[in-house]
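Going in written order, the chains are labelled A, B, C and D, and every chain counts its residues from 1.
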Amino acid sequence: MSQNDIVLRVDNVEAGYTPGVPILRGANIEVRSGEIVTVLGPNGAGKSTLIKAIAGLVPIFGGKVSLLDKDITGRPPHTLVREGLAYVPQVNNVFHRLTVEENLEMGAFTRKSGIARRLEETYALFPDLARLRKHPAGKLSGGQRQMVAFGRALMVEPRLLMLDEPSAGLSPKLVGMVFDNVKQVRDTGVTILMVEQNAKAGLLISDRGYVLAEGKEQLEDRADALLKNPEVGELYLGSKGGLL
Amino acid sequence: MTGIVSYLVFFSILASIYSLMSLGLNLQWGYTGLFNIGVVGFFAVGAYTFAILASPPAAGHIGGFNWPFLAALIAAMIATGIVALIVGIPTLRLREDYLAIATIGIGATIQLIANNMNWLTGGPNGIYNIPQPLSAYFSSNLGYNVFFLVMIVVILLLAYWSLERIVHSPWGRVLMAIREDETAASSVGKSGFSYRLQSFVIGSILMGLAGALYASFIKYISPTLFMPVLTFQVWAMLIVGGSGNNRGAILGSVLVWALWTMSGSVVQAILPSTLQVKGGAFQIILIGLVLMLVLLFRPRGIMGSRKAVVFAGESKTVSGE
Amino acid sequence: MKSRRITSSLVASAIMGVAALAPLAVQAKCTTTIGSVMALTGSLGALGQSIAKGAELAVDTVNKAGGVNGCDLKLSMLDDQTSPAVGVSAAKQLVDIHQVPAIVGALSSGVSMAILTSVTAPGKVVQISPSSTSPSFTELAKSGKTGGYWFRTTPSDALQGVAMAKLARENGLKRVAVLYLKNPYGEGLAGKFSEYFKKLGGKVTASVPYNPKQPSYRSEVSSALGGDPQAVFLIGYPGDGTTVAREWISSGGPQTFLLPDGLESQKFVDDVGAKYMKKVLGTAAGSVNTPSLKTFDSDFQKQFGNPPTQAYMTNAYDAVMVIALAMDKGHGTSADTVKNNIRGISGTAGTAIYAGAGQYEKALKLIKEGKRIHYVGASGELTFDKNGDVSGPMAIWTLKDKKVVQDRMMSVSTINKVLMKR
Amino acid sequence: MIAQYLANGIVLGSSIALGAVGLTLTYNILNFANFAHGSLLSWGAYFAWLVVLVFGGVQSTIGPLSFGWPFILAIVAAALMASVLALVLDWLVFRVLRKSNIQVTLVIASFGASLLLRNLIVVVFGPEPQYYSDNIQIAQPILPGVRTTPDELFVVGLAVVLVIGLHLFLTRTRLGKAMRAVSDNASLAQVSGINVHNVVRWTWVVGGSLAAVAGVMFGLTVQILPDMGFNLLLFLFSAAILGGIGSIYGAILGGLVIGIAADLSVLFISPAYKPAVAFILMIVVLLIKPSGILGEKVQ
């Protein structure tokens, strides 16, 4: 597979919680293999809905979602893991009462083999987790929980990892750590699509970005270009100067 | 013909008493999202307070205060309100479902007190000799019942009118905001707890009022009346009628009470004589079935407001198939 | 057009069908309906379903003997779910819609009282309960609030408590534990028993109430066992009572049982196991001397295929019989006919009439001849006082060959002697 | 004397604990208070009774126990049949109502279902209490001041075995862990590839089976009655909440605490107030620790 293969294609998708009240109104997104793509946008733009619709958690009324050229529109969420899709929700993204190790095992629920090997690989990636493997995830700090969440998602060796605002609610120091982790994950060969409020931090590690508004993508560009784009700057900082 | 009229009057009086309870519950659940399944407890407090204060002296328990009807009625409401405060202050801070189980326990505890504190409640023998207002002025039973019906309908309309006024006032809008999202409501400076407590107390007072009116109409109360099934009757009434809608609460009370009492005759007419003694069981089966069918085909009830009944808390219920 | 013809031919044949049935309809007798409100479900459901059969048997007996005033007697029975609210509504339906002049029921005192105060007394309809034993009814009747429409075919608790105290002392028991159901029946009986047992020189080692329908009665039984009793006076009904008795035996309590009428039930004895009941001293209102009980037993066996095994079945039977005879005596079916003639067919004057269709026919004949009759019921003498209460001797029952048998009586004068004791 | 009450409480508590575990499982995974849980318990007891009857009653007995091998088989059969009943109920009623996502509708529907199921028992089996065996075991002293029957010891032993089995199932097996995961966070479980509907079905099987066993235990040591499950329901809820709703170990602990407290309370107050002890205890615990003894903090 070459660097430019399309992992995810969202084609003119309409989706929402109530039929007749779409939140996404014909959104188009593409994610290519090995990329980190960030979706930006104001509150209520439909960023989370987009990611949940892809994951099968929000009903899709129209359009098409394909993963690795396979149509996954409207498939039940639990069947998507096997297709190579992993998803880390914004909140409540670990099983609080389960231990760290059990959280990771749940991530590998669909795997038939190689769980032990994958556990070791995950512990290698996040050495902190190895130390905490017997602790209930609910008792961990915010940053540690985020690691567990990443680790859980990576247990199936997904092709595409979707992150819903990974930096939300974290201290600035931890935000840096989380984005380092994201880069680290990408370096192991996983394609990443994330939704982010913290536009600057998100774009800094991204290859490309989309700006979503009113349920539709308004801008698409390389991350560095978006960082300098005055429109994006206005959206986030209220000035025309760009984010940098 | 007079028989049917007489029965309808009697039926309507009881249905109105149930309506008062379901209106109270509607304020608590339909408008505030308070999951109170101890309705019977508040009903009991109202009934006993009224009975103890209004009755002539009787052996075996305190009482014999001979209070006038209106004074005893108001005292019953105040007593219920106080009990609701005592119950509400600790439990309304808990999660919705905890409140539910706590209130069901309190309902059962009040019933046990009624059955066991003989000096206060007459124990298992209950309190008889409860007076009816102005009954001396009527010679016929039907005539008196018509008068009682008029009185109770006036009370019901008054309760309905006041509830409609308050739920559409700014106070009511805060309640609904709390029901939808407590954090949003408290961020604009409204103390959710205090509003919930107010709603809980007012709703409970209506249940106590219903209890007092029941005691006065039937003239006799005993602990067997205050079984948990009564709470579920009232809930069924609200859910069938449609919570979040005061007219729905009243309609549901009439329909469910009709089903509850008349299903006996229906079952009696249908069943062969050999199965007659099991008629009661069939009757309850019928009630259970109707209840479930209504919920399956009209989950929001007959007149339910679309928004009102959605569970207030965050739901993690499995969606879709 | 065609369909209309079919319709009209259908109508025509229907009319002919009705016409063909008409002579039958003329022959079929008129019907007199009386009501009954009983607990067929709820906490007294098990008891009620049996007691209801007693009433049904009486209706059958009356109809076999030609009915009431020549009309078929019909019993409209509604369930009160052992709930006063449902009970009053059922009674009101019977009174207003079925237009019944009399209601047999209810079973629990709580439901009977609610019906009495809100439906039958104000509606001037006769109410006869087969099993409500609370003393409150006597109080209410004394104050005139029942209007004379209230009767019961079972005596108030007071008599039985006294009789049991006497019986226990006669059998040399000095220390007795009381386990009683916390309802008007249990509380009344336990109170009276304790009062008179002490007066007779006995000691109540523990008096422990139990609530109906508890998941376990171990701790109640354990606390009743403290104080080393020689016997237990267990008050309740089959069901919970059975469980308490088994729990008592299982916990190693002495297997001497004092049992009231509520537990005079073969089913109770069978379920507990007669082999665990070394000694049973039972009391119940009624008289073993009358042939009524034997007739009732054999008629019941014929009708339902099993012997009657439950207290209050006979009381329900008698309630219906008393209503039917009062209607015959008064040549009417109104509530006042029943109310005014009940004392005319009971009491001690006149020819004794016992249970059963043959006896009922005899009664009809005597009434026609203008002679006085007095009905001696399956549950006993049935002499109603001015409050609607019956008083009478107590029957003493026990177990013989694992069967419940009444073997002797305790006369009114014996009981009164104890009552006089200071 | 105290030791005897304590022993009584442990017997009562172990059956309550099993019932409460089933309740807490369904409560947590399906997110509603299932009032029909008590009916599963009653039906379980009656199913076992039916099987015992098919085998011609309990004749041969194992050691000092009041029953023989057919009874053990009856327990297993009852658990299976109660599971099927739970699945049918879920398929006909709760599955449909879950879609509308209104919690209280589910609660009221479950109450309707409990009315229906309870009275079906009355129609089918009659309202009178039944017993597995006509024989009554006389309690024997096992410790100074403590008398129990062999059946009671069996009940406590079976409860311990089942609790250990359940613990192993939930911590060692794939399905058990998935069940805990769904109970913890259903939507996260979904996106982890767990088929939540499948887990829900297994939850009914586990909850229904435990309810049936609890029913058989009550039937063995107390009585079999159509209302038995409903009368126990408030004890079960108190136990589940006392221990912290959703926490399986909390439910077990809660069941024991409720059972022991209810029986010990007789030393201090009239047994008439015994049923209230469970609630008062529950409310006191909730006031001190709103999440229950073993419950985690509510987010």
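Quick note on the criterion: a residue touches a chain if its C-beta (ideal position, glycine included) is under 8 Å from a C-beta of that chain, and two chains touch if they have at least 3 such contacts.
These figures come from a predicted structure and were not determined experimentally.
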item: Of C-D and B-C, whichever chain pair has more C-beta contact pairs; value: B-C
item: Far-end chain from chain B, centres as C-alpha averages; value: A
item: Distance between chain centroids, defined by C-alpha means - chain A, chain C (Å); value: 75
item: Centre-to-centre distance between chain B and chain A (centres being mean Cα positions), rounded to whole Å; value: 50
item: Chain centre separation in whole Å, for chain D relative to chain C (CA means); value: 38
item: Whole-Å separation of chain centres (CA-atom averages), chain B against chain C; value: 34
item: Multi-chain contact residues (two or more partners), chain D; value: 119, 122, 127, 185, 187, 190, 196, 270, 272, 275
item: In chain A, residues with contacts to at least two other chains; value: 76
item: Two or more partner chains touched - positions in chain C; value: 41, 43, 45, 49, 182, 209, 211
item: Of all residues in chain C, those that touch chain B in their complex; value: 39-43, 45, 48-49, 52-53, 56, 76-79, 81-86, 88-90, 92-93, 95-97, 99, 108-111, 113-114, 116-118, 122-124, 134-136, 139-140, 143, 145, 182-184, 186-188, 209, 211
item: Residues of chain B touching chain C in the complex; value: 3-4, 6-7, 10-11, 14, 58-59, 112, 115-116, 118, 123-126, 128-130, 141, 144, 214, 217-225, 227, 229-230, 260-262, 264-265, 268, 276-281, 283-284
item: Residues on chain B engaged by chain D in the complex (per definition of touch); value: 29, 35, 90-91, 93-95, 97-98, 100-102, 104-106, 108-109, 112, 115-116, 232, 235-236, 239, 243, 278, 280-282, 284-285, 287-289, 291-292, 295-296, 299-300, 309-311, 313, 315-321
item: In the complex, chain D residues that touch chain C; value: 1, 4-5, 8-9, 11-12, 15-16, 119, 122, 126-129, 131, 134-139, 147, 149, 218, 221-223, 225, 227-228, 231-232, 235, 262-267, 270-272, 274-275
item: Sites on chain D touched by chain A in the complex; value: 174, 177-178, 180-181, 183-185, 187-196, 246-247, 296, 299
